[in-house]
Amino acid sequence: MAVKTFPEYLESLRKMKPTAYMFGARVENVVDNPRIRGGINSTGATYELANLEKYRDLLTTVSPFTGERINRFTLPPQSIEDLVARVKINRILGAYVGTCHQRCTGLDCMAALSIVTFDIDKKHGTPYYNRFLDFLRYMQKNDFTANASVTDVKGDRSLAPHEQPDKDLYLRVTEKTKDGIVVKGAKVHQTGSLSAHELIVLPTRAMGKGDEDYAVAFAIPADTKGVIHVVGRNTMDTREIEGVDCGNIRYSKYCPTVIYDEVFVPWERVFMCGEIEYSGEIVNRFSAFHRQSHGGCKSGKIDAMTGAALVMMDYNGTSKVTHHKEKIIDMIHMAETLYGCSLAASYEGKKEASGTYFINSVLANASKIHEGKQMSEMIRLLVDITGGYVADLPSDRDFNNAEVGGLLKKYLQGAVGVPVENRIKMLRLVEKLAMESADTISDLHGGGSPAAHRLTIMRESDLNARKNCAKRLAGIE
Amino acid sequence: MAVKTFPEYLESLRKMKPTAYMFGARVENVVDNPRIRGGINSTGATYELANLEKYRDLLTTVSPFTGERINRFTLPPQSIEDLVARVKINRILGAYVGTCHQRCTGLDCMAALSIVTFDIDKKHGTPYYNRFLDFLRYMQKNDFTANASVTDVKGDRSLAPHEQPDKDLYLRVTEKTKDGIVVKGAKVHQTGSLSAHELIVLPTRAMGKGDEDYAVAFAIPADTKGVIHVVGRNTMDTREIEGVDCGNIRYSKYCPTVIYDEVFVPWERVFMCGEIEYSGEIVNRFSAFHRQSHGGCKSGKIDAMTGAALVMMDYNGTSKVTHHKEKIIDMIHMAETLYGCSLAASYEGKKEASGTYFINSVLANASKIHEGKQMSEMIRLLVDITGGYVADLPSDRDFNNAEVGGLLKKYLQGAVGVPVENRIKMLRLVEKLAMESADTISDLHGGGSPAAHRLTIMRESDLNARKNCAKRLAGIE
Amino acid sequence: MAVKTFPEYLESLRKMKPTAYMFGARVENVVDNPRIRGGINSTGATYELANLEKYRDLLTTVSPFTGERINRFTLPPQSIEDLVARVKINRILGAYVGTCHQRCTGLDCMAALSIVTFDIDKKHGTPYYNRFLDFLRYMQKNDFTANASVTDVKGDRSLAPHEQPDKDLYLRVTEKTKDGIVVKGAKVHQTGSLSAHELIVLPTRAMGKGDEDYAVAFAIPADTKGVIHVVGRNTMDTREIEGVDCGNIRYSKYCPTVIYDEVFVPWERVFMCGEIEYSGEIVNRFSAFHRQSHGGCKSGKIDAMTGAALVMMDYNGTSKVTHHKEKIIDMIHMAETLYGCSLAASYEGKKEASGTYFINSVLANASKIHEGKQMSEMIRLLVDITGGYVADLPSDRDFNNAEVGGLLKKYLQGAVGVPVENRIKMLRLVEKLAMESADTISDLHGGGSPAAHRLTIMRESDLNARKNCAKRLAGIE
Amino acid sequence: MAVKTFPEYLESLRKMKPTAYMFGARVENVVDNPRIRGGINSTGATYELANLEKYRDLLTTVSPFTGERINRFTLPPQSIEDLVARVKINRILGAYVGTCHQRCTGLDCMAALSIVTFDIDKKHGTPYYNRFLDFLRYMQKNDFTANASVTDVKGDRSLAPHEQPDKDLYLRVTEKTKDGIVVKGAKVHQTGSLSAHELIVLPTRAMGKGDEDYAVAFAIPADTKGVIHVVGRNTMDTREIEGVDCGNIRYSKYCPTVIYDEVFVPWERVFMCGEIEYSGEIVNRFSAFHRQSHGGCKSGKIDAMTGAALVMMDYNGTSKVTHHKEKIIDMIHMAETLYGCSLAASYEGKKEASGTYFINSVLANASKIHEGKQMSEMIRLLVDITGGYVADLPSDRDFNNAEVGGLLKKYLQGAVGVPVENRIKMLRLVEKLAMESADTISDLHGGGSPAAHRLTIMRESDLNARKNCAKRLAGIE
């Protein structure tokens, strides 16, 4: 069986030697760095749950490519059932880690490649699909995690890749040799890039004439020479480093900027190289899958937020306050909206030429549009119910201070019978859920900007059918 | 085959002799009354499409109860496929008639009864389920339309049925005889009651001790003695009567108040009588089904509205205006949201003891909450795109007037190349879609009030699971 | 004293002989036509209240132009106090008539002209300002009502006036003679044009080179030869004609299309003729004033709607229902938002060169943006609180019918102690407030489209000041 | 002249010896602590601007109590002009510091006390008003800053103060002596308590029988014995301590929990003691003033956010993107809404018995309701426009790192011609504006919870007048 346990996953990461920086210094031991470890734990939950009796049947399946039982996070969907499982798994994981589990992006890349490499080959007679299948079997056998290296730095947004004064502002091929290609560029918001074994690079946008060098897709190990991970700032990051006031006691998220500084990629790992007309196709497929992944995991995250809000009501003595209950309903409603649209996108999926199933993209984007607009509202409701201590709760170090700790614990008491320690813990979790930037910003910008989600549903809807429907009703022939 | 055609449906209605009033006068010929006919045509579309090649496989199926091919509007769902077909059929019909087709309520009653009568019998040893099956087979063989007689007048909303000073403000049993029961009361907002062959009466709310006489369910022909249909006012109603300025050239909606003035119901048509503890159950089942019906048909209605908006953009010369396109996206987004949540409610349905499949009620209500909040916004967007003539378009009689008709047609010209007649027709359709009260108000109050939808999703969600999830993340044992 | 009473106002209208059509027929007696009379009564309220002790000091003032006490609806604001009075008067009137009082548009035209004619003269040495002052004194002495003839039919919206294939799709000067000009065109949504003594024509948009003939402003009596008023359809219009089920027992609104079919205007009434560079200026001034007028009257209309909702709660027995109270709060909140922004626009007004005071346009438009977005939400809340009878209340003719009237009155009973007649009346008023198109559509399109309001606040805000503020905080020199 | 400069303000703070804790340790030098200093600088801006030519006339005035020129932050409003100045000053300061300036709360307490102490004295013959005037003159002469010590910890929210198992969960009088009183309790979210010279304690809610000990108001120096300030956590706090990645280069905010551990207050500083019936009155007055303060400063903060968004558009090359412009309009619109309603609240203010002017509370709360709902939306728009780097921008230490700094600067380039350093600085400012918790949470919970704002506008609106208005229109006598 190819399904790794959480300890095996950690072990496999320890064998890697990625180049990583954080706050101006090199990070040698990535796995035990407390800030990165929170993210690794989140991805680790995908290994953990796959081995739990309760979730095994949902999280694992037999691969038609290897014949072995695998973790679903290594399988491009091969049926409607697979598509539906995506959403349910993501909801469970979103609630289980209370943040992003960071393993969906790699799967979404593989799903996109499993469709588009087949189509490119069919048109151009290229060998991409078989190369990809070799890679896929390798990932499945090892139960590896992949990371989506999609979003380029982009430079001046009003210019195409080849029009930028600095040619490297979209990742590009700088050299082609007998053995492979050399690439240069940088990808940003690389959620969990140090929790992954492999980086899968896809183009970030549709390309046109002149952009040939930028239309490239490939996969390489996360510790390949020339790959530099720079872990940026997010709010509350130093708390993880100091091991205090973390809120979520085990899980977190980080999103490095990853620089590809003249990186060599062997041909057997190159899945696209110059076919500009498929660049938009590949990013659209990836984005549709990824936006739907959000629909699952964010509904799970709202479940965790709703739970925190309900507990705070118990702890504050406001469980019977009507306007608080109304806010809980708003939270449930939004979780179900994301979930319902994402599930429907799966159930209404279709088989593509390669055999992979693709979701209904309009429904997937409909879910994401709600996420981009409403997750900040979910936070607002959670903060409203919780109260002002989201802004300024004293540190655990204060609660443990000999002089003021006792006083603070006296005054932080909530509803009768609730241990003050529990109330403090839950207040801190709310702070994490509401105000940690790495996770909350992805509600908006994960899977492309809200404007992109909007354009997608217009582009993929049949406007003429709607016009004809209205004309018939009005009696216009 | 039991599937009626539209002419056969009309013919079957002509044989009935219901007691009907409108604007203070008795209506003798219901079928040819131009105001009621618009509604009959809408329901007629369910017969029409069932006989079209394109839709036959979706709208008809073989009944496990009769072995014959039937219209799905007579079949309580017996599979996930049946549940999914509900939503797709309703979306098609919503767009096809551009208003309410008025046949879903009867089906939703039958679906609810097919579950609850079985459960009552199991507990009480009553004969309701078999009686209901006889009725169901009768409906299927004749391809009859039923009407949901659910919403009581309610009197003082702060009082239970038996607490009202006037005991008839909820429909109740006033007498029980060897042959049947006598009932008295009134049901309101009886969409299409004169387009239906049978009225199915269900209680409108949960009942408690003292309400036994009010816990009653049955079915009777719409022209039963003592049943009085009073067709009320809606905006634009006189236009149908005068046959001018209708907007939607064939379809419309009407919703009588139906008075049960000492009506006799034979025992074989009584499906519940006094089992107060099932009163809430039956209305909850009906409401969940009916709220989901809305999810389908209103997404179809938004399709028609979106089409009208797009055509108006063509006709006004504003097809390239960015903020109009953004509004179109908002309309598509909402249609897909209703559709996605409703579809997911079907796909996630479950089999009940009687064999009928029940939808996921949380997802069905999630869709309805959006409808109740957002349909008025859809109208706003449609009116915004269309322009001010939604308020004050001259009458077709003015356009045909010898003195001013020519001038009006000159000045009503829109984009170059668009016949002015078409622009006038489409403006009138928009007026109908946006401002006709019978249909637009049902976005809000159809299937119970928005507050009821909200309470339902809270009641049926697992709040403790969410609390435990948050406690685990916060480290609270 | 120049302040007319309501009877004097009616009398003055009776002396006029406008050319009017409605539903394909000529209307000879405008004042006694029941549909038009509702609108005349609304405007009449501005005369009525000016003569009531309680409101006299607010509605009347002494004119600096005539030295006489006048109705403020004939006075371009000459002080901050005048600007503030605008808003307060409009709120009172909006609540008093429960619809549009239809006299603000003329005042807003006069206010705009009192600023721009002065500016044009200063640049071009034209005699417009003095001509305008003569007209103004005439209006004040007679306490006449003017109507804003601003919105052209516009034809293809993507083309400028002179680019239209039919040159008359914006009103234009077709001939200039020694005595005056001849104009041709049509103006739409002419709220209350038959309740007015004078029509004031302004251009509807900014003009460019080639549009000289369209840059024209003037005033003429509403019954001038060649002026044709065509009263269009609105929902519920036939009820006024039949005198039944009106809802609002005295007041209503109508908005004709007015055709100028070769109309002669003497020079002394021409206030602009060809000065294209002031065309945008004049419409911007008018629009800013008029959008603010809405802020006052619509907050008053929300007051009436809130009152209707509160009474319905009393009548239905739901006065203690929390979610209803929350909706009342939303209604109060929006009324105060419109009122607050509009009041602030007055208090922050500035004196223009001619002496007229102009409002703060950003604040005025801020109010209007809320109106355009939120009035449909106000209706939704009102309907939600009221219940489904907004859609299908039986006619008063049914309530009076010998056979069913008694039954209907029995079943329409609401809360204990409330006369059923009162409940029926209030339900009918709600239907009028919520579903009558002439008034509700103006929430959106009155004073220009929402997109125009939005552009205005961006254009008139200092974006660079904001940029510099951010740069300083970021430490960017 | 009593107007201090910023250096004089700093100097005056250095003379104080408050007891302060942060992160488990005692803070001895408050003024130079980099985390607290950001807040002190913010309050310092109120001193700085008062001495700038451009703002002097707005920020200072002559006190009717001392006859000297004073900073307006020490003057309860004595005229409509004073009320209006409040809003304008706060908007300017909000934009100037890009966060909370933290001096309004003290003024709002003094304004409330100047009204209510007078009223209490009038009823009870107490000496509170004169004591308060002495205190006020002291504040004015020294140009001191006061802090509002209002929000109690509250314990179990479902219990009244005297019902709590621990009697100290609302601050209370534990002893009365000849010289004064001894109090015990804790106040939370004490914005800028270490930037203030004096703490003004008011009750946090209406009190009833049994709560007499809790109905207490007084003022004491911030470094009084027994007063303990515990500075809690907020997101990004360690950055200030480390002096890196701060975003806003000079200004910040902090909100300690302040414990009153048996604190003695001399009688001359006691302004209320046991008059339970005025407890609600005093908190309502304070809240109304304070909610309006928010209307001013948050509109200023939105100005700074709008500026940051506009600069990011310039820096990213998206200045011409339509949907970005629409979001800018939404931001301007909300700033003007808060500003308009708050200004109107001032202009419509009224003189109270003591001579202090009180704002229109409904309009002030209308502004605050928008703030509580829309500030999170403003953040969402800012983040949407800015892009994903709000979540994970590398540290300045990375940009300065020899190995990766150059690469990062290469890849962070934006629009052609923009120095990469400026883009990085502006991205960091956006992170601060969007994700720093101390400031953003106050949008919601500052001045009481949103539910409190809502209840206020219902309580203070004339509901019967609205009902009567609707009844008249419906013809109900």
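Chains here go by letter, A, B, C and D, matching the order in which they are written, and residues are numbered from 1 within each.
Basically, a residue touches a chain if its C-beta (ideal position, glycine included) is under 8 Å from a C-beta of that chain, and two chains touch if they have at least 3 such contacts.
Computed from a predicted structure; not experimentally measured.
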Check your understanding: For subunit B and subunit D, what is the smallest step count along a path of chains that touch one another?
Key -> 1
**Study point:** Comparison of A-D and A-B by number of C-beta pairs in contact, larger one
**Key:** A-D
Review point. When subunit B meets its copy subunit C, do both sides use mostly the same residue numbers (more than half shared) or mostly different ones?
Key: same
Check your understanding: Just how far, in Å, is the C-alpha centre of subunit B from the one of subunit A?
Key -> 41
Review point. Just curious, how far off is subunit D from subunit A if you go by their C-alpha centres, in Å?
Key: 37
Check your understanding: Among the residues of subunit D, which are close enough to touch at least two other chains?
Key -> 323, 326
Review point. Can you list the subunit B residues touching subunit C in their complex?
Key: 21-26, 151, 153, 155-159, 165-166, 168-169, 185-186, 188-189, 228, 230-236, 238-239, 245, 254-257, 259, 261, 316-318, 320-321, 323, 372-373, 376-377, 379-380, 383-384, 387-398, 400-401, 403-404, 407-408, 410-416, 431, 434-438, 440-442, 444-445, 449-451
**Study point:** Residues of subunit A that touch subunit C when the two form their complex
**Key:** 322-323, 326
Revision key, fill the gap. Within their complex, subunit C touches subunit D through residues 84, 95-98, 247-251, 303-308, 310-311, 314, 325-326, 328-329, 332-333, 336-337, 339-345, 347-348, 362-363, 366-367, 369-370, 422, 425-426, 428-429, 454-455, 457-458, 461, 463, 465-471, 473-476
